[in-house]
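So, here come the structures, one by one.
Across the two complexes that follow, chain A remains constant while its partner is chain B and subsequently chain C.
Showing the complex of A and B:
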């Protein structure tokens, strides 16, 4: 019976390819859009993941990483006084403007790292050494600064520009995850960043901390929040907070959600319709089988086998194509593309739903089928 | 198997494997890069952290001139060890020296006048005695005797006045000497010269904003630790602590408790802005330490961890 079912499926090449194309397109669209969406979300929290510190402490009303709420400078010592905290260091984050030698202005995100430990530093350097940040007037820029501020000719190691009328000398180029708003980052030591920063009463933006090895990060984070009255988040929590803020305050979620839903509906429509046509065309054969004594249940099994076979094949081709697109287009980090296992499982689930939907329509048709149709 | 004969099946399988390969090869979140220097960590189970500054144990002395004047000589340079009463500065003293000469010169005439007067008194005394020694009262007039007696007594008073004049002249000379002495600024105590902001030829005025010479004691240093007022109840007098110099966490400096400053002061945040506003107030705790084998300097910043008894009392929640 299974052999007959598969023979039936593959036999009509045009219909089979039509069915396969529909499903492949549907899977590809969902995977591609889902991956771009998730890639964007990862960009939105790059301000957190690029610094890569386990615990973030700041004002309790903070909504996302780029929205800085400065805190008192003694907060570093208060966090250090909480039991279970191994270390705590200050971090400055603010918006500045870089003025290049040719007179161009560029908005930048200014990061001030603790001078002695440089905790929060970028993990990879394309050029230069991060330790050189301790030399006078030194800053490190990321590779996006090179791209945005005039290319490798204008920004290289040794370039001098101004931030807030003060001299900054590039000593290195870091390789980091691109930011959602595509604003280049400039790294300096905390003390230097505060001299670049506009005069403000409070200049400490975040306290980065780490729990002792024998204590769970979550417990220490809760304890910091309780004992200091500040907002303390693990890296993951803060990342999610930022993602949720982006979803709530921008149209990105709705936009991509609609596309994914459309992909799902179109896929379901194409697959359901084609499969139904396919079944209708083969009604004579099904009728003959029924006349020979095959039960409706056996016919249903045949239909389900056909639907799932074409579905699985379509899934494989679809995700393969989407991945190929992603790896080619996003290889240089210019396009947000992040494919994940949960997304694939989600798509797999949707595909099963489409298959079940298509099979159900056909099975209903077959259940009503009279074997006498063979003789008409 | 009919399934294996179809190209689409193989394409599909290839797609699955390719995706799996890409996803497995995709890099995970990397571990945090190791800090350049290990960050300062507390050696105690529970701790009160503070930021501190190294300072001279005795407060620094800002040497000031006793009077406005031209500086003619600076006796010390930065780093000199000076003893108590060692000369530091010489102000221009020519005027007073000239005065001293005049006043000194006024003493010998006064002395001479005394001598002169003494002789005059002696002469009158002799005359008077002789007049009295005459037996025949008619040989001398009563008037002469009286006159001589009056002259003698008056000249004795002049002698007294001349003595007083001498004392006055000497006192005037001594005044000038003391004033002259005052123009040499001397060290009020033994110590080290930390700053010299003045050169010979400059004009010193009392109450100037810039210190002429900063005198301090760098042999014995102490640490002044600032604890946020929110954490002030956690500090127990007498508990030991450790300090780390900024950027060298490998070497801890053990601290012994000295005292708690009884008055909570605004934290100094040196932003260089002329409209500073008080952000936080801090409790200051003074710690003694013995000089470690590596160099430490007055004015250096340190991270301080103070031992805290079991963390039972949590600080009150304060507005961040």
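Showing the complex of A and C:
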């Protein structure tokens, strides 16, 4: 009977294609929007992931990485003295104003790294050496700075510009994950960064730390928080904190959530409706099968086979199209796009739900079907 | 087992009364609805259908012919009365067994053919076999043989839409007969066809469908096909008012087109 079921499905080309389109569209929409959403979330914490430090220490009331709440400069020593801490270094993070030779102004994020270790340094240098930060007036800019501030002609190794009216000399170009707010980053040593920064009582933004290899990171992080009275977070915790803040304080969560839900509902409606119609139009045929001795159970198996066959094909095609779109868009770095396994599982789950829903309403219809209708 | 229908008649073979009826209906009452909207459609039906005969069931529209067929097929439950089909008291079978019994012992032909539109003729014919778990290859082989028997050996791979009405009904006949049912139930099999095709279908039912091992019931309005029956039962207002034999046409007289012995001329039918 599987053979008969599949022939019924594929034989009605128009309806089969409509069903497939509905499911494909739904899968594509959810995958695409979900991937962009997740890409955005990754961008939102690039201020953390780009620095790649296991433990972040700062004001306990901090809500996300870009919100700087300076702490006392003695904190570095206090963190170092916590048992289980292997190292702890200062980090400056602040907003600065870059002025180029041509007179243009650009907002930048200024990062000050510990001069001796350069912990928090970009993972990959496109040009130049990060160690040159230790030379006078040296800064490293990221590739987004090059893009935003006038291209490789205006910003290259050797370019001199001003940060908050003080001289800066580009010694390298880093390659980092784009920032959510699309503000370019400029790296300097901690001391250098504090001279750029406006005079403030406190200039230490974060202390980056690492637990000893034999100590669990979480435990050491808790210990730092207890002994310093400050907020201490693992990289992952801080990342989630930032994501949750973004979700709560921007429309992103709602917007994408709505689109994804819409995709789900629309997909469910189209697929359910088409499939139901498909069944209803074949009702007499199903009735004839029933009259010929096919049990409701056998008919249900046919319906389920039909629903899941078209569902799986739609899943494949939808994911394929979304991935194609994502690779094209993400290859230019313009769109956040991160297709993850959890997302694909989520879509798979949604699709199963849609198929089960469609099959169920059809099966209910069939179960109620009097085979007597075949005589009418 | 309990579905074995052969035992019931074996012992009385050759007895003066003849074999027991394939279908025995006694005092069957069937109504639809409840309360004020209750309509009693079958008001006490008594009817025997003999093994080996082709019984025509005729009568006014709305008289309850289709209802009676559904009852005999076990598709509708009766309110009162006795109903034995092939020696099995049908009302006492539980639902699932009834469906199985129906699939194993009965074939159906409907006014609207009810072929699966996306299946080819031979696949449609194979469906009843597939339902009962016959391997696909064997089912298709038997279906092809059956289609040849009804004169459609050259149309096996056509989908129903590419066949004329008469050809579709012949596919339906092949489908009804492929599992070799002992009871063949036909509700107005010629009503959707023109006169000539109707005659042809009846000839097939008489020549191929009728067999000593099978009872055939045909509901019809069409007096032109009465001569294909062995007996005619008339159902009026929920009761069988008469049952009469059909006089046999003397040999040599025109008995309508016959089938078998090569494909019948397809020239009289044009594919729609």
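Assume the second predicted complex is superposed on the first by the 376 of 376 C-alpha atoms of A that agree within 3 Å, B and C clash if a C-alpha of one lies under 4 Å from a C-alpha of the other, contacts with A are read in each partner's own complex, and residues count from 1 in each chain.
Keep this in mind: a residue touches a chain if its C-beta (ideal position, glycine included) is under 8 Å from a C-beta of that chain, and two chains touch if they have at least 3 such contacts.
All values reported here derive from a predicted model rather than from experimental measurement.
Asks: Sticking to the clash and touch definitions up top, decide whether chain B and chain C on chain A clash or fit.
Replies: On the superposed model, which is not a single observed complex, chain B and chain C fit side by side.
Asks: Would you sort A:285 into first (chain B), second (chain C), both or neither based on which partner it touches?
Replies: In the superposition, A:285 contacts chain C only.
Asks: With both complexes overlaid on chain A, does A:229 touch chain B (first), chain C (second), both or neither?
Replies: first
Asks: Between chain B (first) and chain C (second), which does A:294 come into contact with in this model arrangement: first, second, both, or neither?
Replies: second
Asks: Which partner does A:3 contact after superposing on A: first (chain B), second (chain C), both, neither?
Replies: both
Asks: Could you look at A:117 and tell me whether it touches chain B, chain C, both or neither (first, second, both, neither)?
Replies: A:117 contacts chain B only, not chain C.
Asks: Check whether A:86 is in contact with chain B, with chain C, with both or with neither, and answer first, second, both or neither.
Replies: First partner only.
Asks: Does chain A have more residues touched by chain B or by chain C?
Replies: Between chain B and chain C, B touches the greater number of residues in chain A.
Asks: Pick one for A:12: touches chain B only (first), chain C only (second), both, or neither.
Replies: A:12 contacts chain C only, not chain B.
Asks: Once the two structures are overlaid on A, work out the angle chain B-chain A-chain C from the Cα centres, in steps of 10 degrees.
Replies: 170
Asks: After the superposition, pull out the minimum Cα separation from chain B to chain C in whole angstrom, please.
Replies: Distance of closest C-alpha approach: 11 Å.
Asks: Based on the A-chain superposition described above, do chain B and chain C contact any of the same residues on chain A, and if so which?
Replies: 3, 7, 10
Asks: Which residues of chain A touch chain B in their complex?
Replies: 3, 6-7, 10, 16-17, 20, 49, 52-54, 59-60, 71-81, 83, 86-89, 114-119, 121-123, 130-131, 194, 199, 201-203, 226-231, 309, 312-324, 326-327, 339-341, 344
Asks: Which chain A residues qualify as touching chain C in the complex?
Replies: Contacts found on chain A: 1, 3-4, 7-8, 10-12, 282, 284-285, 287-295, 298, 370-372, 374-376.
Asks: Could you please specify the touching residues of chain B with respect to chain A in the complex?
Replies: Checking each residue of chain B against chain A gives 2-3, 6, 8-9, 11-16, 18-19, 22-23, 26, 29-33, 35-42, 45-51, 226-228, 230-231, 234, 246-249, 267, 269, 271, 273, 277, 279-280, 282, 305, 308, 311, 314-315, 317-320.
Asks: For chain C, which residues count as touching chain A in their complex?
Replies: Against chain A, the touching part of chain C is residues 66, 69-70, 73, 75-76, 96, 99-100, 102-104, 106, 108, 110-112, 114-119, 123, 127-128, 130-132, 136, 159, 175, 187.
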